[in-house]
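For reference, chains read A, B, C and D in written order, and residue numbers begin at 1 within each chain.
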């Protein structure tokens, strides 16, 4: 599709039209502010929708209808429960904000704010569409992970400031999780940077344009190293965003609500929001790095604007997160760290080697291309099986005997 | 470097001294956490006073009694019949087996025979209760493991079907109050039997799906295998009964040992575990459910006609001769027994419940030491307690 | 399993001079029991547990019974064998009286199963078990004074007003309310 | 291989996610106030008193204030005071009646023992469960007037059981009437009302 079509440039045109009312020196600033506002508003509404969707998906998986009562107030119109997020928001706002007497009041207040701030910062470098990237950074990927890592610090802040034993345990878990999973997350991204040859997110997305044989998109996930990298990224992203099965800081059945135990009212809502923002950002980064960003999956579908493709991919990833959450039990903290250090990190390192091989064999052609695929897949499958066997050593379904 | 330097905790555990000063300049401070009585995973108002080294448990004291209502005193101040609805409220998930155990004890005390059809009905209802309880346990245990409600909801969906059956028969979902001394309160209609048969026949499919959902799950195996392992000797000494005992490999099922009711007429197997850990406790229950289905199907096939109540049985003014009796059955959680002493008056002189989950709790600390908080939660879940019964 | 009379005779030969007697159960259940002397109870319990013909390795039930008229408290243990799958053998211990001599040897060293159940008997009947590793109240709270399962236990007069229609409790509860407050007002202004 | 168990679990949840949209065996919930699950006939909640006649429920209570249920009730939630005088019951026989009959539903545990011990088929279990009130005390104490419900109501909630009860009562009454007639014929005197039933 034409990169300059009216639909594609639509958001930019609106912005330019709006800022054109302002004097020239203020335009750049107003444009940026407008972009920031747009991102925050878009993702805040996505957050509201996601809370509902998540509850609906969980409910449907569990054979329940899910929240379906709140519709338009004072009428009997239910709208599938679309009013639920609004009602939740009002409830959260009107709840009493309780701060424990012995809590560190400043940190207790700062933690949700910091968490939200860091989560929003990460949106800056994600290309939401062909022309829609809030800030064009040369080292966008680096910036993203630097800002993203700080979110766990806010979780630690919350746990520490609450002066609650459960919160403290949660804080410690959050730190352990941060240290363990930042590494596989970054290592899974290194091959992308290596093969794309750039740290800029827009650059990476542009590298994934085009179709092999006019059919298979050249997204990184459709290469052996990309698939493995994506899988590692997905697992690490689940852990980074404290989602089940890695929701240890908030382990409901063990630590009541972990770092959130002493939070109520709007602060709690802020945490909730920040966690969803973090999840969206990580999923957005996953889409950017591995799923071709805003690129259309098939060439004839390219007439649909790029930001819609990005949104669709983002939603798919988010739904996958929910699906995983609906299925899996939680890991224990030692198993969580073991999974990171003994499985994901080595696998990511192997993947780095595979990516190097891929890069070196880029000029193989013809039937040899297939061998290239096979070799790369083998190089990954072997370590995967071996490491997996090591990780699950001693664990197996058991055969039971019966009394005679 | 000797082992104790690497792992001071392990050496402390092996030497038996698992308590140490809360403040210790060399190993860091211990954290004392009071888990419960208001905690999402203590299955009621149960408290564990836990001392933690990091996340590892070095000391754990169960504290309970928050739901204590002196059930035994109540039993001594009401008539024999009047205690029957109170037994519903002991283990409120399994009122049918509680009723049966109490009825059995009173029947032994008074020498009261039970008609054949009533015994069959009791077997059917007890095995349905076992299905219900084990299904719930599987759901709750997985919830404790951190599943976001999915296994629990599937379990509750099936449990609801059994509860509907109970409601149609006894009038109440959980507080059935169904067994009487000398039989059952009402007879099951053919429609009820058909519905129950349909449910039982479809239950295997549910179990298959449930097992596909979770049993082979690597995370579940990692969380439960080797966690809270119990040795058979200790289990016997501590009076552990039910699936928790059989998970350690001890073959002791009252349905086989005592042969009460008409259990000797039915063919079923008793699954045994080899490790006695949480995974075995979970799996033994799943396998027991499959055996229960077989028992119920056999009972339906051979259910005789006839009355469900012994014509000589008395409801009002029931006064057994002086004497005592201890009647016990294999409840879903273990041996539930009632010990009754009669002095010839309408009220029992002594009314004692032998609650399985209370006795099974004896070893909670032994099972949890050296494991983490997260493990303590699932170990407690796999012991399968109901506070209505523990606290009485 | 061997008959109780035979077991009684064997116990007497193993513990010569011990006052072991059979307590007959006149009811249809006919679960007769052995009354053991408190002083030798633990040795006899070990014998019962370890004797190869008995192997009563499982103590199912521990019960206290307050015999108000006879003036003692009895603790009854129901023993079974998991190894040989027989039972029950019922043993009884009696305290000397109900007031000051209420100490019995704990059988927790023999069967771990007694740990919580003996604590319960201590809590509810006030029997002190000598040699119990952790004899604290278990169902009642630590500060609680009396032993509620005793037959002469007087319940505390701490009723709140409730309009329950039955007499006795209603009357007791009313004593806690100012005379001027009628039930209807009491309900309106609790 | 690592992950096979996870994948099979994911497959099950996916199947249920889809299944809940088209398979009624999976989506089993009912949306409560609008849809209500059908109560089984045996369902019991709190007791009510059966009266023979809807127009005059107080006058035709089957209850003769024998106080058996009061004595047998495990949580002791029934309070009865006998009447001083006698009124004719449905068959015209003079009977005592309850001057006060209270059931404290905050205490009642719906065990149905009162129904089982009643020799006169006078107390039965109701099926009304939506009884929330704003007053925890007096509103939950049901008086005689609130408890009395006609036999026709009993027939609507427990049809099978009520039909049995009616048949049994009819035969009993017939037998009693025949006995009375026989006694009257034997005595050939003015028929005196038979002895009152054995009140406890």
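Here, a residue touches a chain if its C-beta (ideal position, glycine included) is under 8 Å from a C-beta of that chain, and two chains touch if they have at least 3 such contacts.
Keep in mind it's a predicted model, so treat the numbers as computed, not measured.
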(message) Report the chain ID whose CA centroid sits closest to the centroid of the full protein CA set.
(response) B
(message) Quick check for the class: compute each chain's Cα centroid; which one is farthest from the centroid of chain C?
(response) A
(message) Using mean CA coordinates as chain centres, what's the gap between chain A and chain B in Å?
(response) 43
(message) Centroid from C-alpha atoms only, then distance chain B to chain C, rounded to Å. What do you get?
(response) 23
(message) From the mean C-alpha coordinate of chain C to that of chain D, what's the distance rounded to whole Å?
(response) 40
(request) For chain A and chain D, let me know how many angstrom lie between their CA-based centres, rounded off. (result) 59
(message) Residues touching two or more other chains, restricted to chain D: which are they?
(response) 2-3, 6, 9, 12-13, 16, 28
(message) Using the touch definition from the top, which residues of chain A touch two or more other chains?
(response) 61-64, 326-328, 392
(message) At least two partner chains per residue is the criterion; list those residues in chain B.
(response) 150, 154, 157, 213-221
(message) So in the complex, the part of chain C that touches chain B is made up of which residues?
(response) 25-29, 31, 57-61, 63, 65, 76, 78, 82-83, 85, 88, 90, 111-117, 124, 137-141, 148-149
(message) Under the stated contact criterion, what part of chain B meets chain C in this complex?
(response) 64-65, 68, 70, 72-73, 108-111, 234, 236-241, 250, 252, 257, 320-326, 328, 335, 337, 339, 341-342, 349-350, 352, 354, 358-359, 361-363, 391-392
(request) Please give the residue numbers of chain D that touch chain B in the complex, ascending. (result) 2-6, 8-9, 11-13, 16, 28, 40-44, 68, 72-74, 109-113, 116-117, 125
(request) Spell out the residues on chain A that touch chain D in their complex, using ranges where they run on. (result) 57, 60-65, 68, 323-324, 326-328, 384-385, 388-389, 391-392
(request) State the interface residues of chain B toward chain D in the complex, per the touch definition above. (result) 78-79, 81-86, 88-89, 150, 154, 157, 160, 164, 167-172, 175, 177, 185-186, 209, 212-221, 315-316
